[in-house]
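Read through the structures below before going on.
Same chain, two partners: chain A is paired with chain B first, then with chain C.
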Partner chain A sequence: MKLLTHNMIQCHVANCKSHNFPLKIVLAEENSIENEECEMNPDFIRHMLPKLEWSALKNTVDSLGLGNLPEKVPSPDNIPLETLAVLHHVLLEVDVKNCQLVCPNEECNRSYPVVQGIPNLLLTKDEV
Partner chain B sequence: MSRPEHQAPPELFYSATEAKKYAVNSRMQSIQTSMTQRALELLNLSADHPSYLLDIGCGTGLSGEELTENGHFWVGMDISPHMLAQGLDRGVEGDLLWHDMGQGVMFRPGTFDGVVSISALQWLCNADKSYHVPKQRLNKFFTTLYSAMKRGARAVFQFYPETPQQMELITQSAMKAGFTGGAVVDYPNSTKAKKIFLCLFAGVGASVPKGLDGMSAEEKKFQSVAFVERAKSKSTRKHGSDRGSVKSKDWVQAKKERGRKQGKDVRHDSKFTARNRKPKF
Partner chain C sequence: MKLKELEGWLGQLDSFEDPKILLEQYPTPPHIAARMMYTIENSFGDIGGKAVADLGCGPAVLATAAEMLGASYVCGFEIDEDVIEIAQGNKQDMECEFEIVQVDVTKLLGMDKRFDTVILNPPFGTKKNKGIDMVFLSKAISMATTAVYSLHKSSTREHIGKKAKDWGVKMDVVAELRYDIPAMYKFHKKDSVDVRVDVLRFDCT
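Now for the complex of A and B:
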């Protein structure tokens, strides 16, 4: 699972309506994060910037120790090359292989397992 | 062959062997690819920047590969773990999620620039578990999908409705969720090539694109002219000016000539042939 996807998904249990984003990443083992290099696409990153939940992304990146992102959202038109490179790496190259995604809502606390990089987002009968 | 939906729920039907077919069968691959190309055409995405797309029922990622080829980024979801595993083996570019579309789409509002789905939507009309109600699942799916899409984005679903009622159920529930748009039918006159695309717009009303029907412009012209001609001939018949009286002299002689040619025993023509009779009282 890429962090771009992580930035877009929220808990979807029926009763969990608020504080259900971002899902906390609880890593399974030390080496459960892999890197898959891919070609940089500045246009795409500029396009996605307004859609990102910046504080959530920054918190996640900081907690996983993946790089340095500025405190504030850079404007899409004049984004520094360094930030662009970090964003590209963090959003599209980092691949979380094994972890639990835990809902931040304390009443819910639902955890979704990620195995081999594929999150299992299926709900049970009572959660729909 | 019966429809896959009648055989087993999707997570069981798309087993390891079925998933492997998608990896090795070149016919399946070419069909999936061409349908994805058509869906992309209908999506009408902006050419300025790469788009972020959602692929519903992505399977082994065949359709996703086509999206990557066109320079787009995508996230795929599917209910069959075997299909996803096959996609993982092939090393597709997009992220894969193990998810049931009937439980709703769990993305933040305004995430996607477009949604593609190839041969998946008809599965939603099934009730595979005792607590599944197709109508509820469709409503949940379309309402959550609507919010996950950017305003003005399009969703294109290629699918195989089993009955007209099913088609109605699906479109009704999409309209209820706020979508506008409708069905596009490609090649409606062909049984094999016929493909149905449900083309939905989130937020912005636009006209539904025309379906392809495999006819050149000349053929279309011919068809429309034929229709006009027929309408014309119908209207003249009504007034009865062009048509000669029944069993006139010409008609009788033509009939006798026809009989002679066929070698039948026909009376010779005389001055009495098809003569007018005196009026009767």
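Now for the complex of A and C:
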């Protein structure tokens, strides 16, 4: 699971309506994050800025200690090179293989497993 | 990449091993998938450098095609664990990077406008799932900022056109193809059936 994917996933439990995003990443073991190096496409990163939930991304990147992002979303036309590099890395190269995604809503706390990089958002009958 | 080359690659992908009729699991033949995806990129430029979602991705034929045609980010959404395993195998064989999320697409939440392009070969909504094609389609439209491309039986074109009007999106028929459905299930009496299908484009701008 790339963090770009994580940036779009909220808790899916029907009754969980608030504070249900971003899901907290609880890593399964030391080696549950891999890096898949790929070529940077700066235009794509700029293009995606308006589609990101910035504070959720920053929060997640900080909690995993993956790099420094500014507090506020940079403007696409005026984004420093180093920020571009961090964004490329955290959005498209970092690959979380095994973890739990935990709903931040304390009344919910539902945990979704990520196994071999695939988040499972399926619910049981009484959660729908 | 040339059309023939794309079709050749897609022809090497594994398909459903044990298709489930309740989920209306029919493979997207390489011939159809390649033409659909090639048209989307070459006539509309909606794949290269874009964020693309594939709803109900199955063995990830369309997702693989999207990545091969230069999409910068691709995510397939699929409910069925068995078929996800096949998609995962295809991803490794083709050295692809696309993402897979296991979820019931009809219950997918919070993805509004997060993708440029959404592609899908939805369940056609026959048998016990009447209307599910429209549920997939409206979800797709909510997720895209540019366009949705979807495969439907040509016989349902008028009905879908009316829905699109209700939703306030412009619909165009961008390709008419023949979908050769091989006999896969017990209730299939003929060896294969030729079904006419449309690739429909929904403008989401």
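Here are a few things to note about the model shown:
As a convention for this text, the second predicted complex is superposed on the first by the 128 of 128 C-alpha atoms of A that agree within 3 Å, B and C clash if a C-alpha of one lies under 4 Å from a C-alpha of the other, contacts with A are read in each partner's own complex, and residues count from 1 in each chain.
Here is the rule we use: a residue touches a chain if its C-beta (ideal position, glycine included) is under 8 Å from a C-beta of that chain, and two chains touch if they have at least 3 such contacts.
As the structure is a computational prediction, the values presented were derived from the model and not from experiment.
Aligning the two structures on chain A places chain B and chain C in a clash. By the touch criterion defined above, A:Ser55 reaches neither chain B nor chain C. In the superposition on chain A, A:Asn35 makes contact with neither chain B nor chain C. Looking at the shared chain after the overlay, A:Arg46 reaches chain B, while chain C stays out of its contact range. Contacts of A:Lys125 after superposition: chain B is touched, whereas chain C is not reached. In the superposition on chain A, A:Lys2 makes contact with both chain B and chain C. When the two complexes are overlaid on their common chain A, residue A:Asn15 makes contact with neither chain B nor chain C.
In the superposition on chain A, contact of A:Asn68 is made with neither chain B nor chain C.
Taken together, the two complexes place residues 1-2, 4-5, 8-10, 12, 21, 38, 41, 43-44, 47-48, 51, 92, 116-123, 128 of chain A in contact with chain B and also with chain C. Note for the complex: chain B touches chain A at residues 48-52, 73, 75, 77, 79, 84-85, 88, 93, 95-100, 103-104, 106-108, 110-111, 129, 131, 140, 144. Interface residues of chain C facing chain A in the complex, by the touch rule stated above, are 49, 51, 72-73, 75, 79, 84, 88, 97, 99-104, 107-111, 113-115, 145.
Chain A contributes residues 1-2, 4-5, 8-12, 21, 38, 41, 43-44, 46-48, 51, 53, 92, 116-123, 125, 128 to its touches with chain B in the complex. Across the complex, chain C is touched by residues 1-2, 4-5, 8-10, 12, 21, 36, 38, 41, 43-44, 47-48, 51, 92, 116-123, 128 of chain A.
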